[in-house]
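Lettered A, B and C in written order, each chain numbered from 1.
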């Protein structure tokens, strides 16, 4: 199917590209375990000092804020996105294209524009510098992720499953509760994970809407990177690598159970 | 049909949360911001736009942004295409491995990825050590605050997005078509050029649009790896708003950025629509 | 099983003047039909014929714009699906992917709160479809045939008096399809309940059913036993859809009909004088001169012959038409491409049927 030379050329290109992609990640992980006081790479020895420093320097509050905001964002995005996905998948309505474009715009509009426009709007009504304000801001970007992930599954979802449930004695509500929701749950979960991740990593909206009173993780890292290149940042980065891997694992598991569903 | 009215209410109820959220937290605030750009002391005025056009600094920022975005998009395409192609053509195990290698950095915080470039490219960083060891430089100097640093960092950040968009389109290509081309006498290269490449164009266009639009509005990496001469639009908006409190000008520059982004959105929406953004299963 | 039980456990279904439109497109037009309790009825039609819509109205997934559905004389208007006491099989199997085989089958009992001897009854249902060892498997681990058997167990476990089959076999390959046809028929015979099946497969419809309802363009074209349908189609539409018949355009006058080129034949059949289509089954056509026994005999030129095993299919040009004959191998020696011979068939096998608008000549 794929000739030898072809394969060699492709593998060579891919190896170079993947080295470029992954090497920096490896560097951060390695430096975070360094025993040196500086950012030497390769490090002279290994220790957990910088992870301990995370605890000493009060990073925990940042993790907590980010966890709060991320979880609420995932929750709100799900509550708003799931019904919207049902509307898009099952009904035809005027302005449908415009609604899709709106969701697309919510992802594509640059974060700086969201940040300053929300700040301008929230400041006079007292939502600036509140967790709720930031959650609302992040939910704007989170909803499309929920919709996109669920939409793909909903389009392939066999509505005969609901019909089968009702034919065999389930009321319409029972059919949704016992069949539709469990079958769609993995896709909803994937969307929620995406919404959480984008919230946890978003910088500018967080900076403008909460940055002056609390320090979400992204804001704290940003300030750390700008002021000094202390390896504490590397340790924080290490925890984020773990977060990304954990999210990936959740998504992989969810997708595996989703693949079970008849397409 | 009976139930048409009822159906309309159901659709309305399903969309209501999204409409309220987007009305209040997206459309209205953006409108408020835009209105700041066309008012001066409470009166309608285009004075801000004149200032924008007459200030070389702003025009320079826009030019820099477009230049960096174009270069990033092209380089991502060139590097990403073979990777995506290999991913599509490789066996199932190699494919999963490659997907993993692309997805993990994709999901990793921009700040983290940029931070690692700061470590690598700094005065005493790994890159300088290697260059000195090779005898290419004598005195260590920082590679940061340069356009090259911005490009190296930005391309690395955008590359997974490009690869995944290309991969999603390539999986739609019927594998037997290449065999058919070979059976009818095409060499591997000609089969690629006449069959595979044209069929992968949707991925190329989608990937290029997504990469470009993300780079145009990018803030983190250019701000950390670039110097004053690499200031991009997002940075200048941030500076105008947060440091100079010049909200009318911040709004005006935002309009420029918004127009560029929305123009790309319109093209993307015409070609692909919402679902393509998912890029398959990411 | 026994006659006494049959009367009790089978639903008699009456379709009374049902019409249905989606937007401006009429899908069903004034359909009426009586389905006797305990029979196996198949709705046969091409896609777009309205057969699936009719089944969904019977199931209660859709409501009729006009007309009514009656179960044992009781109107089903306003009765939701889950209270219609149904079992149902689907083309896509519609097995719940997040439940085991056991839970899928048990679903039909649990939703009705009918959980007496639950495990035993699920076990019996699985035994009936020969899947005893599979109770704890997930549906995605099963083959297509096994999945449809699970669906069958789920459909019958609660002993519903009416079973609806929405093209359950059309996703399976030929061998499995024929095997499951037999199993479904067997289950119907032992359950004694009413089965309403939907299919586009003529062979399946004729093979499985007590009665076949041919549907086309939202109208019931003919409802009859398989034999009657095969031997006495009432229209060219039905003959064409059942397939196999030669159909020739002609002009009827009394007991004779004239083809376009002037050939005259003796005909039977229900169509009145005027434009008709003549249906001639290929297996009733013979080769050879023979005595003047009153048969329709026409000179033909053999275009192609196709070996079918027990017979040979001859495609021939007859008076400007294409005609198919199916003759035993031993009688077909003269049939070589290019050969000229005489094809004969009896007047009573020449059915004059009301012509279908836009119908074409030749084998259907």
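The rule we apply is simple: a contact is a pair of C-beta atoms (placed from the backbone, for glycine too) under 8 Å apart; a residue touches a chain by one contact, two chains touch by 3 or more.
This one's a predicted model, so the numbers in the text were calculated from it and none came from an experiment.
Across every pairing of chains, the maximum count of C-beta contacts belongs to A-B. Centrality by Cα centroid goes to chain A.
Centre-to-centre, using mean CA coordinates, chain B is 57 Å away from chain C. A straight line joining the Cα centres of chain A and chain C is 53 Å long.
Inter-chain centre distance (chain A to chain B, centres taken as mean C-alpha positions): 17 Å.
Of all residues in chain C, those touching chain A in their complex are 59-61, 80-82, 86-88, 90-98, 107-108, 111-112, 138, 140, 151, 154-155, 158, 164, 166. Interface residues of chain A, counted against chain C in their complex, comprise 158, 160-161, 163-172, 174, 178-179, 182-183, 257, 260-262.
For chain B in complex with chain A, the residues that touch the partner chain are 7-8, 10-11, 13-18, 21-22, 24-30, 32-33, 36, 79-80, 82-83, 85-87, 89, 98, 100-105, 107-120, 122, 124-126, 156, 159-160, 175, 178-179, 188, 213, 216-220, 224, 233-234, 237-238, 241-242, 247, 250-251, 254, 257-258, 261-262, 264-266, 268-269, 273-275, 277-278, 281-282.
Per the touch definition, chain A reaches chain B in the complex via residues 1-3, 5-6, 9-11, 13-14, 16-18, 20-22, 24-25, 27-28, 31, 38-41, 76, 79-81, 83-84, 86-88, 91, 93, 97, 99-122, 136-137, 139-140, 143-144, 147-149, 151-152, 155, 197, 200-201, 203-204, 208, 218, 221-222, 225-226, 229, 233-234, 237, 240-241, 244-245, 247-248, 251, 255.
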